[in-house]
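Below, each structure is written out as structure tokens.
Two complexes are shown next, each including chain A; its partner changes from chain B in the first to chain C in the second.
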Partner chain A sequence: MSFPHSQSPSIAARSIGARVPRGDDPRLLTGRGQYLADIVLPGELHACFVRSSAAHARITRVSIDEARALDGVVAVWTGEDAAKFCEGIVGELEVEGCFATTMPLLARDIVRYVGEPVAVVVAESRYVAEDGCDLVDVDYEPLEPVLHPRSALEGGPSANEELPDNVALRGGKVLGDVEGAFNNAARVIEATFHSGRLSAGPMETRGVIASYDWTSRRLRLWTGSQMPHYIKYCLTAYLGFPENECEVLTPDTGGGFGQKAHIFPEEMLLPLLARELDRPVKWVEDRRENLMTATHAHEQFIDIAYAFDSDARATGVRIRATGDGGAYHQPPWSMGVEPWCTAMVTPTGVYDIPAADLIYEAAATNKTPIGAYRGVGYMAGTLVRECLMDDAARAFELSPFDIRRRSVVREFPWTNPQGIVYDEGSWLQTIDELERMVDYTAFRERQAALRAEGRFIGLGLSVFVESSGESTAMGKAHDLGGIYHDTATVKMEPNGSVTVTIGLTTQGQGHRTTMAQVVADSLGVPLEAITVRAAESTTYGWGSGTVGSRGAVIAGGAVLRASNVIRTKLVALAASMLEADPADIDLVDGAAVVLGVPGSSVSIIDLATAVYFDQSAWPADFDPTLEATLAYDPARPIFSNGGHAMIVEVAPDTGFVTVEKVFSVEDCGTVINPDIVEGQIRGGVVQGIGAALLERLVYDDSGQLVTTTLLDYHMPSMDFSPPFEIHHLETPSSHTPGGIKGMGESGLIAAPAAVLNAVNDALSHTGTVLHNIPITPEQVLRALRG
Partner chain B sequence: MKSPVFAYAAPNTVAEACSLLANDEDAKLLAGGQSLVPLLALRLAAPTTLVDLRLVPALTGITYDQGVLRLGAMTTHRAIERSPLVQDVAPAIAEAAALIAHPQVRTRGTIGGAVAHADAAAEWPAVLLALGGHVEVTGTTGSRSISASDLFMGPFMTSLEPDEVITSVSLPIDGREIWVDEHQRRHGDYGLSILAMTYQLSDGFLTDVRLAVAGATGSVTRAPEAEAALEGRAPADSSDAITALAAELSYTSDIHGSADYRRDITTTLFQRALRAAGERSGQA
Partner chain C sequence: MTQPSEHVSVQVEVNGRRYQRSVMARLTLSDFLRDELGLTGTKVGCEHGVCGACTVLIDNEPARSCLMLTVQANGKQIRTVESLASGREMSPLQACFQKHHALQCGFCTAGFLMSATALLEEGQPTREDIVETLSGHYCRCTGYSPIIDAVEEAAAKESS
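Take a look at the complex of A and B:
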């Protein structure tokens, strides 16, 4: 690809690399954030959903008369009412072997998972709306629920008659001489893994406010979405609202983690309700709804085998990844992306494995749809690859570092069997660095000494390579569809201050600070003079979504391209005013300076003022527009890499696992802000510890979700946050702004494998090897007791 | 997650509270609300009237007199945890209070509320049973005292009459050793197993042993066979009691642990208590 918007100007790192405090923190940490529930529109109504109590059933009757008659209830809609406007949301993954589904806004005729919206009650308050929901009477005629993905794919009843054989996705590839690799293997290491069903569990649940003005046909929709421009597109595509009169607004958002990167029925229903009722309508999801319906994540059953030669080098891999997809594809990511990525992308990882047999499949089941959650596809894939590496280390009696060094890729660029090209990386250095940080020999000595006292500690290692900066090139490299680009606007005011608008929303990652650092280095202005607006409204810019570890790379590229236009004008003006060659001008510390001529400078403020108010200072043919909007989409896929080593202790009286310490190595190229990168590592790793030790959405045999409150769905709290030692490697990308790479997902991608490996190491004297997460205390206790 | 409609009353006296209860059979007392309010939000409870006890001055206060620690029903867990008096006369009780949930919950939740709620995974019912305590209650027809063994009838069930209010909780603090401990997966979680044990130590032998288990069983319960198996034995001589405790109780199974697992970790909790008893007997 050689589009101009793939070229990013060079930049001198000055503010980039500094531990700049996050500008949002004083506001957010003192309770001054304005989240969706804080927004109150005059005359607003409140929506609440009647949700299916059955996993799979025919709706024989929906009785809404009593609810409609309740004082304060304004409207009750069922599936028929919604279907007049929209048949449903169509979802699929653009890969071979994917079959689409249509998710109705409100279920009609059949419900397919517990929690599926069946009716919506709109009332003067949320309390009355819930009272109204209690009065809606739905009769269900039970159908057999489909609950196990692998047996669902073998036949039997359908979870969703659009997919009669329950196959939502099925495909794969054989690359290289897999049979030869396994036939000639000195050893084959294999296992079946189960990666549990998770909720992304953002601190702020979902929510929507819709407001419609019939006089102008103007629709405003507030939603804490990671993809507001996509939502806006859907308002037109699915509902027919005129695109030019739609605005999607994104207030402060308390975490998304991928869950808020979908289009949901609730987001499509509220605009219709607001228009038909001629009043603003608000819905704030409660925690029970969030756990029950706001997409589940990561659950897969995975068979994987590695062939090793007699030197313990991996020579081939076979994988079959089966997703437990839920009842529908949740657009745009679908139930396909999880097993597809696990099978097609992750089995080779950082290793030079020439042959691969890759099978992906997703089964429709009568459960909540699976969606994206941080590290989608990568987490389970890294879990099985890295856990099997540790299994192999034990089989070959090698250290976990040595076994990885036997197969790790050492030469770049490197093309894996799937055809993906990795331009650079510090894959070997990561392993070496982790070994040094852990002090492996000392650890083994301590482990042996503690075992003699009846205490059991273990060390687990997990290394990864992560696709980052999700882009058109990334999609193409993986045979995935998807065209991406994002814009940024940079505007300098007469007094030299700068307003930056990016097309990416922020959910607490500190984008406003990191983007200000990029602009500061481009324009030479102090951070205090820069305000960054992060897609607060679709009125500004275009964004493809805050997903796929793309914020820093993509927004950074767009911001740098836009600010470079301003920079070029400031340089031209300064050269004219200072009678110097533009090539000799640099912008630094608030001034344009002539390189090599000390004392020859003009302040940025004076330059900006001159642009607006002093034509005499302008060079010939000067265009005074101090505002630029440009797009960015990197020319090539970007990959970051790293690894974690963890030390855990298992308690012999309870089987409880405690993470004693985490060692992290991260290589995301040029680090814009080490504090923010380290925060991303800590947060992601702790989510990974939760996934490995605590979190599990549980369905019973009738398809009822058992874990509907945080009393039962255990998320990691502060006492599950271990001490960290973090080491940065910096292998810059050669084709992103300043060499930046993305890293938002890396913690969760690789941490669960490190936990599982550490527990298995702690249990290595027992002969038990665990292959499922979350690891339950009961499994550990059983292992310890033989 | 919004509660259904209810009437709210905040009387100033116990008598008023009793008559509010007597006049509305679906009324419910609010004594801190750390269990009831979530139940309301989930619409798992729908009382017609909430009778809030927070303005009844007679229900607070901690006293110690003649070997009895008396805790007003509206005394918060946090107040018990931090009370210099409790820390002085019965430090194990202050430590037991600190096992309950998180500081935020302890600051609002009350001992009377917890005892009346009778959650199978609550600490106070086990403590009350192990100490042989009792509650003072007042109804429209007068006051009475109910011993712990007569109070807890099953999960979320007590022998309180509908119009009765617990006014205080009394714990005998008479020189017997007290041990309260539990296994929580995360700090502040409901205990997977809670064990409270009281006993006398004389010449290194256990007597007058009372053992109560919660969290691991369907409701808070004594373990009489294990108690009997310890009687007159040294703490180290406990294998019969350990076997008895594993066999005599009906352990519960749920997503957080099977019955077998709960039996195993209740055993390890018991062993911890016995080790502590052994250390105490060594010191004595």
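Take a look at the complex of A and C:
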């Protein structure tokens, strides 16, 4: 079915493609940004949470009297208090074989992970609220913690009695002649991988402020969410706040990376507290809470095998991807989407592999719930696929570029065995370009020379295709549910300035600048005349969330559609004023010009003024509304592609790995702003280096999380940051605004595989191949010492 | 002994302005700057001295304001990110951050700017000096190399 909101008008790229500096920067650089903790409401109270110290236990007693009696404490709520208003938040993934869970706002009777909120103390200051938490006494009767996902799926105690066999998700598909592919294989390359448990680790932790006015029943909720419209929907659906009086506001936000794309119990509790206490209530998460409770990500155990024919072409794949899901589904993404995507989407990647046996499963465990973090499912899937490609290259004695060229898809459109259609791509060119960038022959010579000196460098390659611009069509192509669309409003005022409102929030990606570039090219107005508001309030627009590399594509499409309505009116008015055919009018450099007639022009400012104040200039039947709100949802799924090659050095005395250089190729179609695209690549790649070498959330045998500070959870710092060489390929999409594709996740999707492959290349003389991330110095030293 | 919630008198100079305040003995310097003086440009990212977002200059030396009590700053001169621009012009360092796209979400930026400001005031840092000094700060968005480039260019501008 075709809908008008899937059609995007054409646009001439003028500002699009330029390295426009971000308009937000002077404000943020001078300390004028207003993030959640910077907002102070008159009379606000402060909330602080008592969190479970046990992984799995029955709550036998919660003593709150002492806390309540503390001077300055206004209220203490436990699970029973919260349950009066809401039983919990239901989470599941809309695919075959998924079983739902209900996450209580505050635990009742049983706690299921360390950090689960048990009580909330509300006080006149944050200091007193923390004092109050210290006075809440909780008695626990221990239950056996479930900590290992694969043994959990085989039976034994339950992590969450809603899922008695610990199966939160189980399913799969067999596509093509898998048996035949493996029976006839010249070689089978296989391994079991473990991709470690990560935190997205945004520099700004979560936080919520709620304010309620009983006279109007008006609720205002500030939260740095990637999905404010979804939060608003939950506040109305679960808690009954009237939709028309419920506003979710998004201040400046210090990074999200997927972690802030959920609904959290804290976001549901604070509005209830504000309503019941009749005072605004604020909660700012501390780092310990963020590492313990703001969702974990990416951890999977994956068995994977590729069949190769005698020409080293991949002919079949088998995968079993198991997610270590934590105690509940965290809505809306659930613990299912990670292993589901790894198994069902990524094993074929950019390769023409006709047969696939795909199994996905997620186990409930007594750990923090798994949520979204940049490259959900794609990172682990790309890790295992690309690592086995390098393993296969060694087995067949081919270069990592040649082994990939044997199987890479060359003809488009291409349909993979899963039925997903890829309209276009530069998949082969990416491999060729990376080979040129690294100068492969010279690298091997340098590697051999250094090895003779006892120094070990390695080259790792990783190429990817990424679903981008998450949309209804994308969901359908993957047999997933979900309806998406986003709106934008474009309004021109009498002096020709433009205010744009989009339904997507921004967490540092520069949407206000890139969307201004789109509008500048649509309306011919200078960037200084354009202000973009990025879903600062749900009062304006509708948005399906800043997720799934969709910002530029989806907001761009909505902005362009709305802008085109204004453009059409300006063109009609200019044609009338200049006595020209509308088809001959272009809007450029602040003026409407008649093509081919030098000197015949009228400024956009004069046109705007005439719309508001000079009816005599109007053509017949002119409608002076210079404001339009339109939706966008692309007609077809959109895929960007690219790859990274990395050179690393491993230190034989310490086992430390240093990334010497990163070579990145990105094809996100038409680039709106190269600075911003390159910023997304560098940031994502360094997160990927962290995932590959440094970052891991660790539980001990009793289910205690032992990495609760940034000293224990080690994110990359500047001394881990490599130099980059970035090359853009541009294969525009034929059905998005200007050919834009999304790319926000690509760096993290493909970087860990490149690091792992580079380390394995550096260690190739040892015969050891590593398959787990993070790669610890111990693993490297063990390999080097045989 | 002074109790944590007892009030203590402090006198500090912040961004060239003198303040005399009675504060809780346990009030952190970051909370004092943000909540008592309204200087919210200083951000709190971890409250355990690792991320560097809360870095301010105390008597020209970078310090983690989340790990200090306000009373420890008694009698000292403090500079925060709000002091860097002169009039309506960003400092050369701030301008270089914009030019090199050295910030995305902006939450860590004040800390980087303050440490880099102290480094530039010390003399002419090399690229290695910059990396060594600023490795005490976390940024989750940029991948760091644009920050190194920005500070390096600001250093070159100061010396020219």
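Worth pointing out:
By our rule, the second predicted complex is superposed on the first by the 785 of 786 C-alpha atoms of A that agree within 3 Å, B and C clash if a C-alpha of one lies under 4 Å from a C-alpha of the other, contacts with A are read in each partner's own complex, and residues count from 1 in each chain.
We take it that a contact is a pair of C-beta atoms (placed from the backbone, for glycine too) under 8 Å apart; a residue touches a chain by one contact, two chains touch by 3 or more.
Everything numeric here is computed off the predicted structure, so don't read it as measured data.
By the touch criterion defined above, A:D633 lies against neither chain B nor chain C after alignment on the C-alpha atoms of chain A.
In the overlay built on the shared chain, the residue A:E666 is in contact with neither chain B nor chain C.
Shared-chain residue A:L694: touches chain B; no touch with chain C. In the superposition on chain A, A:L781 makes contact with chain B only, not with chain C. Once chain A of one complex is fitted onto chain A of the other, the partner contacts of A:D653 are limited to chain B, with no touch recorded for chain C. Legend: residue contacts after superposition of the two complexes on their common chain; A:D286 is shown touching both chain B and chain C. When the two complexes are overlaid, the chain among chain B and chain C that reaches more residues of chain A is C.
By the document's definition of touching, of the two partners only chain C reaches A:G683; chain B does not. Contact with neither chain B nor chain C is seen for A:D761 once the two complexes are overlaid on the shared chain. In the superposed model, A:T709 makes contact with both chain B and chain C. With the contact threshold set out at the top, residues 127, 286-287, 709, 711, 716-717, 719 of chain A are in contact with chain B in one structure and with chain C in the other. Across the interface of their complex, chain A is touched by residues 5, 24, 26-27, 34-35, 39-48, 50-51, 53, 80-82, 84-85, 90, 94, 97-99, 101, 103-110, 113, 131-132, 134-148 of chain C. Of all residues in chain B, only 1-5, 38, 42-43, 183, 185-190, 192, 255-258, 260-261, 264-265, 268-269, 271-272 touch chain A in the complex they form. Residues 126-127, 130-131, 134, 286-288, 653-656, 694, 696, 698, 706-707, 709, 711-712, 714, 716-717, 719-720, 776-778, 781, 785 of chain A are the ones touching chain B in the complex.
Residues of chain A touching chain C in their complex: 21-22, 24-26, 28-35, 37-38, 40, 127, 201-205, 252-255, 257, 286-287, 507-510, 675-676, 678-679, 681-687, 709-711, 715-719, 721-724, 747.
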